[in-house]
Amino acid sequence: MKFAVLVYEGPYNHEASDSAYNFIKAALKKGHEIRGIFFYHDGVYNVTKLMEPPQDDRHIANRWSELGALGIDIVACIAAAKRRGIVDDVLVPNVRISGLGQLTMMAIEADRMVTFGD
Amino acid sequence: MAEVKKIMFTVRKAPHGSIYVYEGLEVKLIMAAYDADISVVFMDDGVFALQKGQNTKALGIKGFEATYGALVDYEISKIYVDRESLLSRGMTEADLLVIGEDEESEEPLHPQVVDADFIANLMAQQHNILCF
Amino acid sequence: MLHTVNKSPFQNGTLASCLRFMNSGDVLLLLEDGVLAAAAGTRCSAMIEQLLQSNPEVYALTADLDARGLKRVIPGVKQIDYEGFVDLVAQHSMHAWL
Amino acid sequence: MLHTVNKSPFQNGTLASCLRFMNSGDVLLLLEDGVLAAAAGTRCSAMIEQLLQSNPEVYALTADLDARGLKRVIPGVKQIDYEGFVDLVAQHSMHAWL
Amino acid sequence: MAEVKKIMFTVRKAPHGSIYVYEGLEVKLIMAAYDADISVVFMDDGVFALQKGQNTKALGIKGFEATYGALVDYEISKIYVDRESLLSRGMTEADLLVIGEDEESEEPLHPQVVDADFIANLMAQQHNILCF
Amino acid sequence: MKFAVLVYEGPYNHEASDSAYNFIKAALKKGHEIRGIFFYHDGVYNVTKLMEPPQDDRHIANRWSELGALGIDIVACIAAAKRRGIVDDVLVPNVRISGLGQLTMMAIEADRMVTFGD
């Protein structure tokens, strides 16, 4: 089945980002397709390469980047990102900034859209 | 031809205390340009987003009353309000923003106040539901 | 003491908690989504109406009431601007119920 | 339909709202702070206990229960892992009550 | 000599769903090194932060049970729990983390369960109160 | 009187940042001293110069920078900032990154600490 995942909150501050990641890992393991991951609201903070968590903690941006390397389309909303200071220069590899049209296509094309937020 | 997908938005949060309602409105306006059958349901504190006479000037943040007032122009006309959420907040239909005008009669259009059953059944018919 | 509450009483238990810990003479300021508790004739109005009987100093920030278009405010709730907020903080030690 | 709730029922009205809109046959998944609603013997347990009478499929994410040290779970609530969560989503259209 | 300032922390949020409890704990540990009279009050969903036997491994996030278990070593010993918050969540003192041991008797120390009146009066004596 | 202000939430997403700003402006107008402004949790996102809000909207980072230019000490917590990708290179002028000891000094030295968050 084709899933799309929508994340509304930033990394570390809320569990949303972790729940989304754990869900996606499990979906891939079960053989489902991830049509795309879309970051909206504070969710756009998930993909900055400038984050440097303590060494014994997970690196949330790198985790997303690794999923992107598998070919999953990972998009941060441009309007939400601009307002919050997430620009192309600070993105981890394998993610991109684009418009809400991408979210629309995901909502239409995915069999299921799963949202994680606060 | 592929069938047109039904997409619902639920609005559950109060406006202005957070950006969710505002940024959620941006999604609705964009999505309206695509080939989808869109409905919007205001429930819980989301009904405050439809309160008439909002003025954010002294706060210094952007309002969105004018945009809501033109939802119908964006071809979003299936706009519902949960009756219990409205009444328990001391509001009536008269408190709600006009969302446009009827093309033929030019009468002002109001969101439609409905019961929980109606909403629950509408939810069950959707392809995807987004909560903003 | 001054207590501030910034959450909607319809979806969040913060105001109810705050009320449990207010002494007589304590002051309440509603701001941000917290001003929704100051609306008259709602399911939650009784919380503030009851408080007013023991603690007459209950305030709501005007900018936040206006932003939300709230015109029917519970009688007895005083509307203040940010300068009034500053005065309250200068007069009382405080706890922000976040 | 699958409904997901991620907020504590003690401080937030989300679970109560969700329950109002559930049809018979609908499924509920509690996750994140939402799993606090699955704890037995609390002020809020009755919400889930009542739901179970009409809607027997109520789930709570094990990882979230464990993180919070919740060992006394309401009888009838099924514990699942993230793969079980994926299965639920594959089986039902859903609404995340955020 | 300046009087030692009384600083209180209130913990009202549930752990793990957000970082507030975790980052709030970091503040307490730092502040304990300064010359201040610190007290910590757990109320509302904050009492879940003191629940014994938390295991965040499957979630993949860092836990903090061990750190709470050493608060007394950081010379933070005025730790209170609101009784009503505890009881309404189906918890008893036996569910609460040990926060250290008594220096002399080496008995385990538990947070002190108190009534709302006690907390309200303690609040009124503080120089500043931070809510984490 | 000497106030310190603590901000827990990021710009735009929650009203906290706006309330804090409006409070501080009013306090200055009434002749009070601002001992310091401390950003914690997602609050650290307030001071990135990379944000670019729509032209007809307020620029929250620049507003803080202007208050800093008046001599107010504006501090983002280093631990919270590192985890979230807020580093020296992206700060607006007149704000700094430092440790929780700064917050402690503010809590002790200020007559009142006012917290804004979610």
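The chains carry the letters A, B, C, D, E and F, assigned in the order they are written, with residues numbered from 1 in each.
As a convention for this text, contacts are C-beta pairs under 8 Å (C-beta built on N, C-alpha and C of every residue); 3 or more make two chains touch, one makes a residue touch a chain.
All figures in this text were calculated on a predicted structure; none of them were measured in a lab.
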Expressed as a multiple of 5 degrees between 0 and 180, the CA superposition of chain B onto chain E rotates by 180
Greatest Cα-centre separation from chain B belongs to chain E
Taking each chain's centre as the mean of its CA atoms, which one is most distant from chain C?
A
When the contacting C-beta pairs are counted for D-E and for A-D, which pair yields the higher total?
D-E
Using mean C-alpha positions as chain centres, tell me how far chain A is from chain F in Å, no decimals.
28
On a C-alpha centroid basis, what's the spacing between chain B and chain F, in Å?
34
Chain-centre distance (mean CA atoms) for chain C and chain F, in whole Å, is 24
Two or more partner chains touched - positions in chain D:
6, 10-11, 13-14, 17, 32-33, 63, 81, 93-94, 96, 98
Where chain A touches two or more other chains at once, the residues are 8, 12-13, 15, 22, 41, 57, 112, 115, 117-118
Multi-chain touching residues of chain E, meaning two or more other chains, are 12, 16-19, 44, 59, 61, 127-129, 131
State which pairs of chains touch, listing all of them.
A-B, A-D, A-E, A-F, B-C, B-D, B-F, C-D, C-E, C-F, D-E, E-F
Contact residues on chain E for chain A in the complex?
16-19, 59-62
How about chain C: which of its residues touch chain E in the complex?
1, 13-14, 17, 20-23, 93-98
Given the complex with chain F, which residues does chain C contribute to the contact?
6, 31-33, 63, 81-83, 85-87, 89-90, 93-94, 96, 98
Of all residues in chain A, which touch chain B in the complex?
6, 8, 40-41, 79-80, 99-101, 103-105, 107-108, 110, 112-113, 115, 117
Report the residues of chain E in contact with chain C in the complex, numbered from low to high.
10, 12, 43-44, 84, 116, 119-121, 123-124, 126-129, 131
